[in-house]
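Both complexes shown next keep chain A, but they swap its partner, so chain B is in the first and chain C is in the second.
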Partner chain A sequence: MTATENIKIEKPPKGASIPAKEGIKKAILGVFKKALETEALDAIMIPVKVPETESYAWVLLKDTTLLENADPLPPVMTIQGGKVLSDLTKHGKINKNIAAVLRPCETRAAVELFKLKQLHFENITLISIDCPGAIPLSEYLAEPEKSKKSFDNVLDKWDGDDAVRKVCQICYRFSLPTLTNAPASDLHIGLSGNTKDDVLLIPVTPKGEKILERLDLKADSSLQKWETKIKEIKKIKSQRRKKFNHDFKANISGPEKFTAVFDGCINCHNCQSVCPICYCQQCYFDSATTKLSSEDYFRRAKERGALRFPLDTILFHLGRMSHMALSCVSCGACEDACPMSISVSQVFSLVGEQTQQAFNYTPGINREESLALQDYLEDEFCEVETPSECEPTNSNEVKENV
Partner chain B sequence: MSKKIGVYICECGTNISDRIDIDSLIEEISSLEDVGVAKKYGLLCSPAGKKYLAEDIKKEELTHLVIGACSPREHEQTFMKVCLEAGLNPYLFQMVNIREQCAWMISDKEAATRLAIKYIRAGIKRVALHKSLEKIELESNPDVLVIGGGIAGIEASLSLAGPERKIYLVEKTDALGGMTNKFAQLLPHQGANLSIVKDKIEQVNNNEHIEVFTSTAVEDIHGFLGNFEISVTNQEKDSEKKEFKAGAVVVAIGFGLYDPKETPAFGYGDVENVINALEFETMISSGKIVLKNGKPPASVALIHCVGRKEKGYCSKTCCLYSIKFARYLKDKLPNVDVSEFYQDLCLPDKSDQNYFEEAKKKGIHFIQSDEIEIKDINDRIKVKYKSAEGKKEELSVDMAILAPAMVPSQDTPKMAEMLNLPLDETGFFKEAHEMLNPVATPIEGVFVVGCALGPKNIPDSIVQSQAAAGKILSTLIPGKKLEPEVKTAEIREEFCTGCQTCLSVCFYGVISFDEHKGISIVNEAICRGCGSCVGSCPSGAIKIKHFTYPQLYREVLEALR
Partner chain C sequence: MDKDFKPNIVGFLCNWCSYAGADLAGSNKLEIKPFLSVVKVMCSSRVNSNLVLTSFLWGADGVLIAGCHPGDCHYEKGNYYARRRFALLKKIMESLNLEPQRLQLSWVSASEGKRYAEVVNKFAEDITKIGPSPFRKNQNL
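Moving on to the complex of A and B:
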């Protein structure tokens, strides 16, 4: 699983502009159609609307007629794309030339899974796309038509909106940097700032460049307008995130408030099974180790006066948090999957951000960076070991190295 | 089978009984689940105490044992032996330290007793979850592979070879002797002429228990203490391949020399009559000290510390052999003017100071200097330097002899990879502990000696070879089986996701990745049970015997209650 084939091209100051007279989605799908017809790609992994329902599924498609129902940016995120790409490649690399179209948080999950050796990138062209957020799954399923309209509105405005999920409203990584040494994706689709008029296809790696070449698309359009808009939105959303996290932290801090957040948990473990970073074969909390004899339960009940069932729900969330917080990409899949509407992704996103800052680590942004816990730095956490001898790092500051 | 846990509290003379109310402790814990017996005794580690304990274990038919006494570092082994004698698996025993951690720490008797009760209860709860562990025995090969036929490798081979132990001595060049083959003479107090090295080579060649492979490279080594499998190829005889087994490996691959061309200021390769120390040794051997034009030099500069700054360490040997060169020059060419340019003098051994003083008496100049620059000016060598006073000075000479730093042998990285050995920041092999365990490595059964570990002189190399030999002789006893660590790590296949994090943290290199199954595998025969992999596994797929999560959980829970 080498990442060397993704060595960064010098500087991609430009992108290929695709006219979007019939809407941005049509324009993007037009490019994919051509890529399949000319065999520049053997197949594309893309969300497709399931016939007869309003839901979306990931489809690995070769047949261009299926593209009609495909949507590179569906209003909801039914299944995390990074997880799908892992399922597709974990047990051996793909021998065909395949593109996967992922939202930025899905792309970053894919990169984390790559680092965890749960995913191969060989022969995969990763296409990321600017994302304005996704509508909460439950709201969408209840009122699909209304949700679709709200999503179109969000796509117009780009600065997040009450219509999208809470983690999306405060997401400042809704686009991916195109200037890094080890980028996350190979080709990025720039939408914001170009809405309606055109779509930008920005090559990030030689792989991305090759695809454009095969399609006779020249990367000769300036990115300035797009970049300016991204910066603008990022600023608004970062500020919103800072404020939200500040207030939210006050609401969940301390054992009592924290416990209250998860009070309604029915221990279904949906959050764990949809989480792309929860890649364990079997969750420890589903294993026999956590199951005790009735005698033990009785003893515990006696010691505490009473024993609430299901057991260890808080322990489950804390355990999961300690395992995946460093790699959490704030995709919100857990909250969409929660039948009890617990604000689980907001909690994990906040804790994840602070943990990641402590390690100066941004998950999924760089394919060649090793996982935070696998890198040993001698001067790391000196404020814990020898507080008198070092300057404490300010972990409350929202840093952005994107 | 129902459990019957025996709890024995040692009074430790009065060490524990003075500070802890043992009777109330016993009263408190005897009602705990599965506790069959709770007793106190004066001094459990005494012969009478051990006898009493062994008899009681049998009489009471105990299934588990908890002893509240001193630190396990002091007597855990003692009581494990008692368990064995009494027919109880020694891993069904837990020792609780209520002396150092309670009695000696807390002056208030009541508080100390409360803490001791908690700890004993933790021990009882933990021991109830213990499983019997059986020691296994492995056949062990007493033979040794020695890599490198220099003085260190020769000494190791001679120290180890014997009727019950064969030595395979592998040398990559066509002759034994290593770097000493290039020396004309040794230091006077080391015997001066090279006959001692020649004698040792002779002894190796005449020793029927040493098989020497010259012009041979080590291709592969894998295995572990007592069971290494080795393959070597002869570089001359059409790459003839040989395979054999050994129980231990001694790496004595020596050193290389810093290339003075890397620092152009020394003029090596540019300025005529600037030579390095080994080239001068060759000149001594030939008996002709001459310049390129065939005439003897009237003045010679000896330049110490060539590459010291660049490499970041002192090579320890150069000062003395530069003095040896100066004295040789004075003996052969009485009118020659000799100047030694040094940064710091390194004269660590007991006879060195005298050797240096004598050189001074012979009229050899010692110039403390820095920022040396050697130039060719009108066919003479000009040594420009900054004096100790900080003044820019210069000296014209006919010949300059450079003393280059000793650097790691070019084979070091390859050997390190083959044996999974760490290198330090200088590029030499890293000791298991520089001060406390200087010839051992993290890999049991693999030793590094001589200049492969860093610059040193012949006597120090010999000392290290003898040290490694001593360690091997005391562990690899012919006919004796090895008892590997019992408390090893174990990867549960159904939990392992194949992320290979454990491979990156295992200091002993005992975990491998099974590509077919997509999971990591621990070689339990060589696992040392350090637990690093257990802590690193994101999926909790690794458990370590005797330190399982349930055991630790119960123990901590009770200790904190």
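Moving on to the complex of A and C:
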């Protein structure tokens, strides 16, 4: 065990380099195995391939033999990891020392859930990992072998690929900033740029440092190569996102086109129930408040000549946006869960981005930041008032940390 | 522009300021266009997105939210929160091109009868120019 004075993160930040001769996943699992064996951790929450099916479930495991089927970066995102951590700790902190391995969007969802008081971070070491994207769930289930191959390919190339979900192709937050003053995760696993030879374990918080210390790992490798690569990919993906969102907006916006996007919606609310941000015990849109009498519906049908059922699908989608768009982490879980293949996460991601920019808020990258709707400044948003008597004060600049 | 178009506007007025302002405008016999269906709310912060969206989806051509000037809310901070929620809703409508001009936030105090009349008349004029809401006849909601 290293002495306490070595715990302090050196500047510029460095990471522990783990050799990955047998592949990056083996290398990462090796670290976890050691952490469990040495009792640096009591348990790990990690995706594990479910026996007899091709699917993955999250498993809280202590038994290292179970690690054999674990995958820190599975080809699909069956269940949003932020939601899983919330399920585990919603009603109070956990007393065991556990680590959870989450993709960046899952990590950010966890941070938003923490701000929403739906998750406790005490005793949890949150480990985030660079993510090349995930294969659409339906495609993966239809052709698992082919999908695994294309995922390996994506993991090799790192700049997004048609094989991954649309939101992944345009995701420029596939890594997380490792700023100690604005932590999202405790430890970040850097992959891109190091895929061939090594994996970087980058401590962000004292908890992250402690794990490395317990494992006798020294954070003495430069992050420069990794950071350069991240910047490169980020640039490509940001440009792709800009172009995609521009075209997508043209295709789906306006009252007619927007309602047409949801024409096929069967109002099953799957998108809401899998969304990590939609944590409400009872969703407002399932409640009786939104239901009217048959006479009211008949009157509406008469006014417009006909009335489509199920009712209130557009109210549901717009209303859900108005509840959670500022915290949408663009994870794509909603779209994976939609039985009607509606581009729901692309719509939410677009609206999320534009609203978040207006509020100068980036969900999930800083635990210390307060939620945009639980806060206000006396002097702001005067441009939304009519008549408006002041210069706009809210800048549209996006905070960028990576 | 349809000469016969009479817009259907929903106005959420806070009890302490804007509703009183409307009252004053009425007792001063100011001319106010008769297109506003007034819903009295205790505070502008009582107006949630569901009220606004339901109004739009079921045929309102415009929605006006009016409350006390910043700093004067009778619950101190209500209108600051209301302004944030409004900004979010407006931005959602903007990002989807859902005719955000149909949604307006105005501050009108209890003593501003004249301002109330001006705000309502101007908004009614704007909405008349834009025309009927496309949601009025939409069967796929």
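In this section, the second predicted complex is superposed on the first by the 372 of 402 C-alpha atoms of A that agree within 3 Å, B and C clash if a C-alpha of one lies under 4 Å from a C-alpha of the other, contacts with A are read in each partner's own complex, and residues count from 1 in each chain.
Note that contacts are C-beta pairs under 8 Å (C-beta built on N, C-alpha and C of every residue); 3 or more make two chains touch, one makes a residue touch a chain.
Keep in mind that what you see is a predicted model, and the values were worked out from it rather than measured.
Chemist: One more residue to check, A:209. First (chain B), second (chain C), both or neither?
Modeler: Touch partners of A:209: none, neither chain B nor chain C.
Chemist: Looking at the overlay, what does A:280 touch: chain B (first), chain C (second), both, or neither?
Modeler: A:280 contacts chain B only, not chain C.
Chemist: Look at A:373 in the shared chain and tell me whether it touches chain B only, chain C only, both, or neither; answer first, second, both or neither.
Modeler: It touches chain B and chain C both.
Chemist: Touching A:305, do we find chain B (first), chain C (second), both, or neither?
Modeler: second
Chemist: Which partner, chain B or chain C, touches the larger number of chain A residues?
Modeler: For chain A, the partner with the higher number of touched residues is C.
Chemist: On the A-aligned overlay, A:387 touches which partner chain: chain B = first, chain C = second, or both, or neither?
Modeler: second
Chemist: Applying the document's definition of touch, where does A:139 land relative to chain B and chain C: first, second, both, or neither?
Modeler: In the superposed model, A:139 contacts neither chain B nor chain C.
Chemist: Which of the two partners, first being chain B and second being chain C, lies in contact with A:359: first, second, both, or neither?
Modeler: second
Chemist: Where does A:323 make contact in the superposed view: on chain B (first), on chain C (second), on both, or on neither?
Modeler: After superposing on A, A:323 lies in contact with both chain B and chain C.
Chemist: Between chain B and chain C, whom does A:315 touch in the aligned arrangement: first, second, both, or neither?
Modeler: After superposition on chain A, A:315 lies in contact with chain C alone.
Chemist: What part of chain A is shared between its chain B contacts and its chain C contacts?
Modeler: 284, 289, 323, 373
Chemist: Over in the complex, which chain B residues touch chain A? Could you list them?
Modeler: Contact set of chain B toward chain A: 494-501, 504, 518, 536, 538-541, 549-550.
Chemist: If we count contacts the way the header does, which residues on chain A are in touch with chain C in the complex?
Modeler: Interface residues on chain A, with respect to chain C: 249, 252-256, 258-260, 262-263, 284, 289-290, 300, 303-308, 311-315, 318-319, 321-323, 325-326, 347, 350-351, 354-355, 358-359, 372-373, 375-378, 380-381, 384-387.
Chemist: Okay, in this complex, where on chain C does chain A touch?
Modeler: Residues in contact with chain A: 49-50, 53-54, 57-59, 70-71, 77, 80-81, 83-92, 94-99, 104-107, 119, 123, 133-141.
Chemist: Which positions of chain A touch chain B when the two form their complex?
Modeler: So the residues of chain A touching chain B come out as 91, 116-118, 279-282, 284, 287, 289, 323, 371, 373-374.
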